[in-house]
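There are structures below to look over.
You will see chain A twice below: alongside chain B first, and alongside chain C after that.
Showing the complex of A and B:
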């Protein structure tokens, strides 16, 4: 990719309030395509809140108020002209707990393409579903039982199904909110490999509590603390040579 | 009662004394010993009182009859048939309390009445005194047994357990009793009318002859018109209530703001609290004339008692049931599924149609079935709004009747027992009971089958 260095999501001076609670303070962050950006920091520091701002999932929370600007390819996503439905098709999300629909595996993946009308006929839909399952590494495990319920899969498989479901909409950005926190180490390793493969095609933002995971999968890391980004830079730099004392404490486990 | 509460305190103090006030040495808390003593005195007394309530009148009656045997002409009482003896006894009771009796008061009868009163009083005293005496006795025994090592806590637990079991047994027994009485009366009814005539007959006209030569003596007991009427009204009610109830539930859970919900929900549930009689006259006096007038306007002939009016009002009645049950199942759809759908760029309507309703479907189906069985069992609205005529028709503008209405009609007013007419009410009740039972059973099955889908 020629423009990997170009920031596709730029957050400037973002503030988020829940009623009187100032959850995010003056956050600036650039997210580039072809890169995995990890958001780390202690619980309650605003990582997930910030993540949910990027595809406006916080809209459904009545008490939530956002100021500042977040742009996707130069366009303010909180602009009135932006259709939140289209935004979410471009910025997909994978949640902490695997949440497949109680439908068949096929229907789970086909859900997004169907509501956005991506496929002209069932052959095209098949194509989308099959490639999405292949990209998520689930294809070999489920190709013989696409009509069984998605909820019957194991936790790790469910999470990969959720990733396949997100990929099927062909987004530009995938937001992952602690995607491995409900999984065992083996399933986690598989998902981490998957993230590495997906990096070439999507910009990925991942919230994680695991330092090792952030170090393994990400190229950029942002350290959140009490709603602020204290440090943002190359992952290798942050983990080997943190500039801020608090980052160092957190990474080495002395704090948090 | 007095003895029991006294026993509580005595038992408690005895327990404390036995360890010189050191509670830690007791196996159980002092209160447990108190309750143990109270129970030992209360239970035997209670048992005696229960025995007295159940068997007291029988004992008194038998004593009264026995006393008559020694009198002149009293011997023939023993030779009377059961029925006549019951009538004779009834006269004795009535005379004793000064009511009208069915024969001139003979000396024997007067004597018996007086004897009856005295026997009743004596028995009352015997039982009360023995209850008190037994209570005191067992209380003393119980208190004497108290010692620091006695496990009164465990004994109490067992007593409480059996008390709870007894209560649930009571509910089960009541059900069994009702069902078996229905079944036996239905069997007696089937002596008069064959099962095939009952289930397959197309005509309902429950008149039987008192005398053999009476006009219209041949009763017809075909239930088909009744069930057709029930079905018609139920369908009308459901067609009206299910969409309204379901859609309002969706509005409440997915769209309404917290404030709107706080206003709408109690109002909707208020509908459930209106007595059905009120719905009934609302149907008869407001809805039915309105439907008839609009029918006139459109050139339709509509009876003033129509299935449509009854069905509509019944629909209004089951809206709250439908909506609050669906509300519950829709809110129990996990938020994570909504997030997943929104996260993929689905709109609210797409999410509701594709994710929430399919996930909540089992619950919605069971809400539907419960609403249906409620509608089938409803009586008052139909009595007032749909009429009594057992027409076999699918036209909602005509008067129809339902199973429940006919049961009311059969059992109100003077009735002769043993006639097919009266007994048919039991048969109808049993049929209705079986149908609603099946509906409820299916509803439960559906819910169970799909329940494990999430978590």
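Showing the complex of A and C:
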């Protein structure tokens, strides 16, 4: 398997409209596994909209219309044969604001495996919960209180619980929509370390407003501006030697 | 202008500003006073209502009894000794209990002569006293031939007099109790034969034409059965409608129109729902008149808008982030609803439902239209039996001429208020118990 070289997700000529508002314009983007791809750009440039196209979260917005194609492992995710519920399990999502279910920590992580029938018995379910919490670096902090409510954790712990919940269903891609914007610097640093570890198993797409964060955690960066991708390439390249003037202005803080 | 001039002319220290400040304080004080006085007026009205109901109503829970030595005269009872239990019960029911009581009263007041006076004497006791003698004979047939001191229920007039509702200072012709009766009562009172006690019968019997025998149980059971039907119909339909409208229905002019209509329905006068029930359930479907089934269905129509509106509000109050989290995990829409939205909105839904039920419990007008206003003595045993409901019972008693029904009306109101407070308390308790924070 040519793991890192082949793109897992290929977006081709993607356009998104909210009624008459043309939010995403002709976006082409390849996302590879084993890579963290950062989407950066000023507010309202369409980064989050594009992110939410990848697991079809925009389906629930009636006014939203999408053209072009996005493929996951060569399969068009907007094809009628694709089950959108299954797609969202394969392409997990971590939201801006930590949103654990108001259930116990255990039930939060076990929820996905339960509804998708991943565990045949409670021992297997325990195992999934254990590994997911361990991968998200939360196990040592919560192992003695798995039955307390997930909402009782601190903000950073809640966000890691959400990540644990997402990886419990064994996704191929994890989408992160500004996962640290509601967190303090220490919690942010922990999440960033976690992203670095998770990169080996999942393709990660992260939307962020923080240049430093994009530079720290990602290997590829796409710069969005007014619904278009102005520049896409290796993160090191973009941050040291941007080819487009707008990109340069944005990452140096002169614009945005 | 120098810096010093500027400082002295600061807009915050001028006289005009001071005036404006004073004006603002005055306005705030007036605003507070208006709000407070509104609250006080409301509280006063409530206090007057509660006090007036309780001062007239509490005596409705008490009863007056006369201790009479009842001679179980074998000549009147004429019981054959070898009867089995069923036959004996049947026989005891046919005994002339009235004569037993009359003779016993004559023994207690030997100087009362003449048919009319004896009848007046007997009117001190209630018609219900006969049932008490009968029950004593059924319970223990060995008392035949003995003289048993019994606390017989006094008539409503006596009850009213003992409770001070009838004054003896009034002209005899202007009061329901005669001077002779007063004399007999004085004698009984002097011998300690007038007993006041708690009126258990009020809670264990149905309606009656005689105030001292009338009870609330029939109406309470009728209300309970009616509400049960209402709950079973309105709750599932209301919650399902709310979920569909809030989470699945597309937003277009049809759903807008439905929403407006639901809001309008909540404001439709209840008597119109009664007419609807009469026209549909009774005339078209030929359901039984006066039955809790029909009452429940009619009240369900009336309660549905309340349940739908409160349930929608509760569902809307569930943060969208929870829905996103569930959908983002690959939960289907139905799973998202059943696993997350519904459990989180349940406290609000239940609160709304209970408040809707409390509304239905106090509703009178629609029940009048479908015949639940009939005079019904028997306690209903099912949703198809003829029944009446608590508020209708209050309406019926308030309309009755006898003085004794006045305190019964207030007593029934107290019972109704008790149930209302109970239901609202339950709603608050449930909200606290099931509420989850996120």
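What to note about this one:
Keep this in mind: the second predicted complex is superposed on the first by the 254 of 256 C-alpha atoms of A that agree within 3 Å, B and C clash if a C-alpha of one lies under 4 Å from a C-alpha of the other, contacts with A are read in each partner's own complex, and residues count from 1 in each chain.
Please note the rule applied: a residue touches a chain if its C-beta (ideal position, glycine included) is under 8 Å from a C-beta of that chain, and two chains touch if they have at least 3 such contacts.
All values reported here derive from a predicted model rather than from experimental measurement.
With chain A as the common reference, the superposed partners chain B and chain C clash. By the touch criterion stated above, A:140 is placed in contact with neither chain B nor chain C. Using the contact criterion defined above for the overlaid structures, shared-chain residue A:165 touches chain B and also reaches chain C. In the superposed model, A:122 lies in contact with neither chain B nor chain C. With both structures placed on the common chain, the touch criterion links A:101 to chain B and to chain C. Of the two partner chains placed by the overlay, neither chain B nor chain C lies in contact with A:43.
The superposed model built on chain A shows that, among 6-14, 24-32, 60-68 or 96-104, the segment of chain B colliding with chain C is 24-32. In the superposition on chain A, the residues of chain A touched by chain B in one structure and by chain C in the other are 55, 57, 60, 62, 85-89, 92-93, 95, 97, 99-102, 111-112, 115-116, 149, 151, 162, 165-166, 169.
Chain B meets chain A in the complex at residues 257, 334, 336-337, 339-347, 350, 354-355, 358-359, 453-454. Within the complex formed with chain B, the residues of chain A that make contact are 55, 57, 60, 62, 85-89, 92-93, 95, 97, 99-103, 111-112, 115-116, 149, 151, 162, 165-166, 169. Within the complex formed with chain A, the chain C residues making contact are 250-251, 319, 321-322, 324-332, 335, 339-340, 344, 436-438. Those residues of chain A that touch chain C in the shared complex are 55, 57, 60, 62, 85-90, 92-93, 95, 97, 99-102, 111-112, 115-116, 149, 151, 162, 165-166, 169.
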